[in-house]
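Naming follows writing order (A, B and C), and every chain is counted from residue 1.
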Amino acid sequence: MKRHLISAADLTRDDALLILDTAEELAHIAERPIKKLPTLRGRTVVNLFFEDSTRTRISFEAAAKRLSADVINFSAKGSSVSKGESLKDTALTLQAMGADAVVIRHNASGAPHTLANSGWLRGSVVNAGDGTHEHPTQALLDAFTMRRRLNAGKGDLEGRRITIVGDVLHSRVARSNVLLLATLGAEVTLVAPPTLLPIGIETWPCEVSYDLDAVLAKSDAVMMLRVQRERMNASYFPTEREYSRRYGLDEKRMAALPEHAIVMHPGPMNRGMEIAADVADSPRSTIVEQVTNGVSVRMAVLYLLLGGSEPAITTSEETAK
Amino acid sequence: MTKHTPRPGDLDPASARAVLEASDIARVLTRVAHEIVERAKGADDVVLLGIPTRGVALARRLAARLDDIEDAKVPVGALDITMYRDDLRLRPARALERTEIPADGLDGKLVVLVDDVLYSGRTIRAALDALNDIGRPRAVQLAVLVDRGHRELPIRADYVGKNLPTSQRETVQVLLEEYDGRDAVLLGTRGSASAAAAPIGGAAAQVPATPEAE
Amino acid sequence: MSTYLIRNAKVLGGDAQDVLVSDGRVAGLGTGLTAPEGAQVIEADGHVLLPGLVDLHTHLREPGREDAETVETGTRAAALGGFTAVHAMANTDPVADTAGVVEQVWRLGQQAGRCDVHPVGAVTVGLAGERLAELGAMHESAANVKVFSDDGKCVHDAVLMRRALEYVKAFDGVVAQHAQEPRLTEGAQMNEGTVSGVLGLRGWPAVAEEAIIARDVLLAAHVGSRLHVCHVSTAGSVEIIRWAKSKGWDVTAEVTPHHLLLTDELVRTYDPVYKVNPPLRTAEDVTALREGLADGTIDAVATDHAPHPSEDKDCEWAVAAMGMLGLETALSIVQQTMVDTGLLDWAGVADRMSVRPARIGRLDGHGRAVAVGEPANLVLVDPSARRTVEPSELASRSGNTPYAGMELPGRVVATFLRGVPTVIDGKLA
């Protein structure tokens, strides 16, 4: 890949493993009394958030700060953006301020891609979630979590069976996960009511099922996606109760999983909707761990994009090492 | 990391001559181990921290010798200094090596940093910074297999396997059984193999060849 | 009025002939014609001579969005593209839903003088799709409106559509439908298919277009009216229109140049220059549209020339305006996709870009044969020329062409509007 991280599809297997291996080393920093490295001293990372997402912003902020970068948080609320300033003018402002990297969360699919390819700014662009398109660092932290729990933190996910359940149609997490997990050799099955699966899904590198119970027994990990209650009003499903009954993960369904299998959720959760409270709080649940791992993975991404004279996440340069 | 792969900066095999053979390396390590025992008045609170990659193997070998001499289990760890380097911006970001700090930590201990070659001193400067973030040792000492001179910082080694006068055009390469299949220290000029390993075209071709371990 | 002798022009791509233009009409046709005294001689060198092109679907943006285009700049672009008549769509501000607005546009066209401007009247007041605009008054105005369209919006209410189809029969008008079922396309950003699924952009299913076309051809048949379908973009739409025509129903359709060439794969760049309504579809759709145009199922090529200022395109996809320029590149795209591929000869191009659109718009002076006595609305094309599209060199006030940097075949050498050159040597006269 390039100077930017826009899509999980940008990552080769070697790129992805480099990020995961680097994150594995960086995870130890969190165990130290001084959780800080001097690596990005003098570099400026802007968190440009057009959509409220406290958890993702905090995660990127912690990652950048642990690497000693200067962090500027630019949220659309209360800024000139909410007064109708265009993405272009915002980008030109950030360029003038000398941003080395822009971490962008935007409600429009493709906004990070546009920012990276517009010529509006020179820094690296990291997609922190765009519309219903992608969320590559979430996929990386999910893969990191699976690798730790299922593969002792090493290698790829060859042959691991991952089931992703819920609103795939509107989920940037699902898109990035399918792409990255396929790159890492995992076998992904998407489970959702047909209304919540996009047209053309047969071309994705995964299987599709409408029946959650049929796939649980052979899953190494089950990832539950957030389902917004408002989808009910647009007739994607009849009622919350029916959704929960057909596609929610409760104790009974969890019991059908193999013993080693883990339960994941990118958060924020709708307890009682897609995931039962008891399941979310069970030892199999990696939900809190995912948050912790998010910081390590984002540190790795920022380090590999900004730490050197040029990004390290490039296979051709790896051979030169 | 893959072993046995030629590294950029590897010696041109035609120019290389061995300045230390396997038996020499074994002998100087034994000597250094004895010096450590002497200076540290035993090995009670010694912790050996190798600097990846080859410093870690050397630290393990020293620990084995200390064990023989003092019959004490000396804790061995690894200290990756990549994130503390002062030349990060001069080349693409690189993969990290493992840092492993012994379970009892470093506070109040005599930490002996172990590296293969001491050259500019910048690696050791970075290692001291890294140590600072991890704990507060009683004292820090430095052991190297080869000191080739040309210091750029006020740093010196406490234990030196061999002082090797070199010119800056020359390259010193340490080969160790654990990584390279044999023990030797080679001196020569930089090979052209590194250029061949670089990708064709693009910015990467202009990346300066990675200097050998210091 | 000046006299011109066009020497060695391949009329409709046939054998080279000399064409004498005098007093606004074709005054002579044959080989070895001698130039009358004072006549200007144009050496056509085997270039192709066609009747002046007629566009059924142009957005001139005036009144209201003069920052995007004006009648003056739009008709310059039209002349350079070989057009002698354009239909100016009604979605201006104010909307062309009264006799006053259509007369204003018509007068601006007269003043510009580079090409005939025929205003299209809105079907419903304010394009709101709720009640009929004064269709009769617009027809009776100086603009003599014959084509009515809510283009940009679909007349989705079936009863309203039925009434409009019936009502315009009284003055031989036609309703040009923008076929887009609104509920199926709420928030839609691009063609719904494999690419939209990957990009996470809200999809615009083909069925949203096809369902309306199917309904409308049945309605038109039921009430015995003419129906024209704007910018057909899917293979299914072609099938439905083919079926309707096989029934003998009075249904016509147009396709845009960009739907004959570009596909939704381009949206992977998230470059808003490719954002257009209806959206770019798949390669299969492009093939079906070309076949439909070749076999006459689709009657006309219409540009849907839609200028937008840079701030509406130099932005993220979701907030970008829909539409792309077309007037100055239409003939080149048709040559590349239809002529150079062998699907259509130059006579066919004349039929689809001049004769049939003029007939649909009931423009008596356009789309005529190149024959002695006919109005001299002509365009001379050099099919062997190639040019690279440079947005800043276009006559349009806007630069949102999807062909920037592309090398296209063909060049308009000269355009004549009733015997007067509007373009000569490839430049505005």
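In this section, contacts are C-beta pairs under 8 Å (C-beta built on N, C-alpha and C of every residue); 3 or more make two chains touch, one makes a residue touch a chain.
Remember, predicted model here, so these are calculated numbers, not experimental data.
S.K.: Going by the touch criterion stated earlier, list every chain that contacts chain A and also contacts chain C.
M.R.: Both chain A and chain C are touched by no common chain, going by the contact rule given at the top.
S.K.: Whose C-alpha centre lies nearest the centre of all protein C-alpha atoms?
M.R.: Closest chain centre to the overall C-alpha centroid: A.
S.K.: Looking at CA centres, what chain is most distant from chain A?
M.R.: Centre of mass proxy via C-alpha means gives C as farthest from chain A.
S.K.: Cα centroid separation between chain A and chain C, in whole Å?
M.R.: Once rounded, the distance between the two centres reads 46 Å.
S.K.: What is the distance in Å between the mean C-alpha positions of chain B and chain C?
M.R.: Taking the mean C-alpha position of each chain, the two centres sit 74 Å apart.
S.K.: Whole-Å distance, chain A centre to chain B centre, using C-alpha means?
M.R.: Between these chains, centre-to-centre, one finds 38 Å.
S.K.: For chain A, which residues count as touching chain C in their complex?
M.R.: 86-88, 106-111, 113-115, 117-118, 130-134, 172, 175, 198-201, 203-204
S.K.: Under the definition above, what is the set of chain B residues touching chain A in their complex?
M.R.: Its residues touching chain A are 8, 80, 83-84, 88-99, 129, 133-135, 197-199, 202-204, 207, 210.
S.K.: Flag every residue of chain C that touches chain A in the complex, lowest number first.
M.R.: Touching chain A from chain C are residues 189, 192-203, 205, 269-270, 311, 314-319.
S.K.: Residue numbers of chain A touching chain B in their complex, please.
M.R.: Listed in rising order, the residues are 18, 21-22, 25-26, 28, 32-34, 36-39, 67, 303-312, 314, 316-317, 319-321.
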